[in-house]
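Order of writing sets the labels: A, B, C and D. Residues in every chain begin at 1.
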């Protein structure tokens, strides 16, 4: 069932490992087939070395397992909440990559300090509010998803395909699983650049809005002129 | 004698090398067979490239060599003291890995600044007190073990499988040699994350106790629901 | 047409990738044949894995495409402006390499803090002024080139083969494409050294002029005595 | 002539490259045959990829070339001055490795902040005084050697096989070329640990003298008990 989706999700998980953004089983990538309403996700606590398309778990958007022997990633309720609310995304990636996690641990948004950031993220990468005791106690992973959705109340998730969960780490997304991994890889670079730039010049804020728009929009949207596909 | 234990200890030492946590002979892993009361450990100052299961040294818990031609690791008395006092552990690992060593050199415990830490260590990773001149002068390695045990007087070593020896570096442990190496690898990641997080936000303390418990306990103990083995 | 130049430019782009200064398509190298007045440059947004000499685009110095099916790098107008003004250079390289980009983001020149820097760059690596809204709005990439040229009004670009574009990242150049990549690789090392040196000793300024001259001139110019080619 | 020495020096230079302490030709290793009074050293500006034992240059202690077609390393007069004054050393290594160079650029000795340092270097790694204009102008490389020797007036170079040349980078030595490279590799680790430890705890000074002696002397000298060779 949905063989291509399982291959795509498996390959995106392996790319995550190859990119050195995760060690052990510290990350997961999912994908969705919107027509079927089926999400494919990595099983929980499985080493990347053992991962095959057949091991990928299929669930419906309410979290009922449709196919698969293993328990799905413990972060599955977070993924499902994002698929339910960000209706045009096709893949989600979660990591504990070093530098993005540092900003998440500091509970600080990553300011846009240069054009590398502006090429991918249209503004500062936001951080969720800290969760309440009650939210942590029951349905923690679902509530993590809700906190992310709340953070995007006034933000365009298509122009900002990343969030930092406070005290925890990043989630990223994209039109498909591979693109969600690319967003995590870029976020990690941007997070390291921002950290070191702040160390060099603590008083620095953001680049001018005009420059942010120039770089973001030359790569994305109707008037883009970067690459070969516009 | 105890061929499987020697293979396991040799393999764990090689994994330590592969993980890039050690250069030259700066680390050692041991394991114990509790039924026999026999400890297997790396020989002193031997390059990992030359290490084979046959080169592993066997000792009893008082440090008498039971099998092996070479001198055991100079840190052996520290390992034995831990096996005598932490009666359920099955493997011990010692490294000078960069970031864990930095916290040890600073004589500061690693605060729990995020869920990556909370997933493995149930609270701040403790640091031993500095040793006295007398303790350094005679039986230094044994006294290192005693200082670690003293540090855990009011701590549960099963929930905190790591310690920083002041001015020196980390020791970690687990149910077997491989798991003690895993704890060292995770500790190194957590130590680097904590260092950089403190640089970004010096006033940061620890994550809320509720979040610490949630993450630690979803992976460990009776109500764990992470992975496939619960 | 100009097969050797296309091979040289392709190879220099691949060397940039191998050096780990770029991920994805975050960089570009060009070269020029001064006799023909033809510039060869990487196509826009193409992965390095797919790059072959046949894919390299040829343009005249006014930007008219002479050969090639694909759109040239979006930074092409910057390259052309540099070739028009720095008449003896033969290759240009642009990256978003981590540490050079950090200095660019901080809008700070890289001071010459040691002989590693002095061996390649005869003074602080300059940073362009920030661009005006008007300059960003229209002909942004051309104006980037003009800002670089303006920065070198009183500087010798042969003795300073690198610049930091404010808020953006580095451009480097040299007598040929390969040497422009070498300048980027050295710049990245020097930028990391300078950043960490400033962290260790914030009040540090530059090495003495005499030492700078000694190191720069023993490798470059008429009285050089480093290497085999003088 | 002296074929084994040339092989040893060539191999030590290649080990330097493999260790990632140098890029391009930024480093050199030499060795000496004390019976013959002949020094073997890398040629100047030659890439490590092209280096073979036959390319190694032989000189007497006054710098006269005894064998070899190429120009010797421009740092040769520094090496010779050290061989003339540190009469028991057998190999010398010079690099611009990242973290050791940072301390050299900051003109600060590396304090002994932990036992990793104490295992190899018996006290803080010293830094030379800055050189005068006159010393830089003529016989610069010879004067670099003299400044190192002056720094060791009251230091035991056998117990401190490393120095930082102010504004420049490290030199290390040992009983043979391979051991001089090992000292550079260890120095680089120790320099990085010290830098990050100071960032975490700026007020930190040195570990207690007793602990320094314990660690240094358990690996070196008559009462050593680390390794298999004592």
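We adopt the following convention: contacts are C-beta pairs under 8 Å (C-beta built on N, C-alpha and C of every residue); 3 or more make two chains touch, one makes a residue touch a chain.
Computed from a predicted model, the values in this text were never measured in an experiment.
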{"item": "Same-residue or different-residue interface between chain A and chain C, half as cut-off", "value": "different"}
{"item": "Label of the chain whose CA centroid is most distant from the centroid of chain A", "value": "D"}
{"item": "Centroid spacing, where centroids are CA-atom means, of chain A and chain D in whole angstrom", "value": "47"}
{"item": "Chain A and chain B, separation of their C-alpha mean positions in angstrom", "value": "33"}
{"item": "Multi-chain contact sites of chain D, meaning residues that touch two or more partners", "value": "199"}
{"item": "Interchain contacts (touch definition) - all pairs", "value": "A-B, A-C, B-D, C-D"}
{"item": "Interfacial residue positions of chain C with respect to chain A in the complex", "value": "23-26, 43-46, 70-71, 74, 96, 98-99, 101-108, 130-131, 133, 136-137, 140, 167-169, 195, 198-199"}
{"item": "Residues of chain A defined as touching chain C within the complex", "value": "113-116, 182, 185-186, 189, 192-193, 196-197, 199-201, 204, 207-208, 210-211, 214, 218, 225-229"}
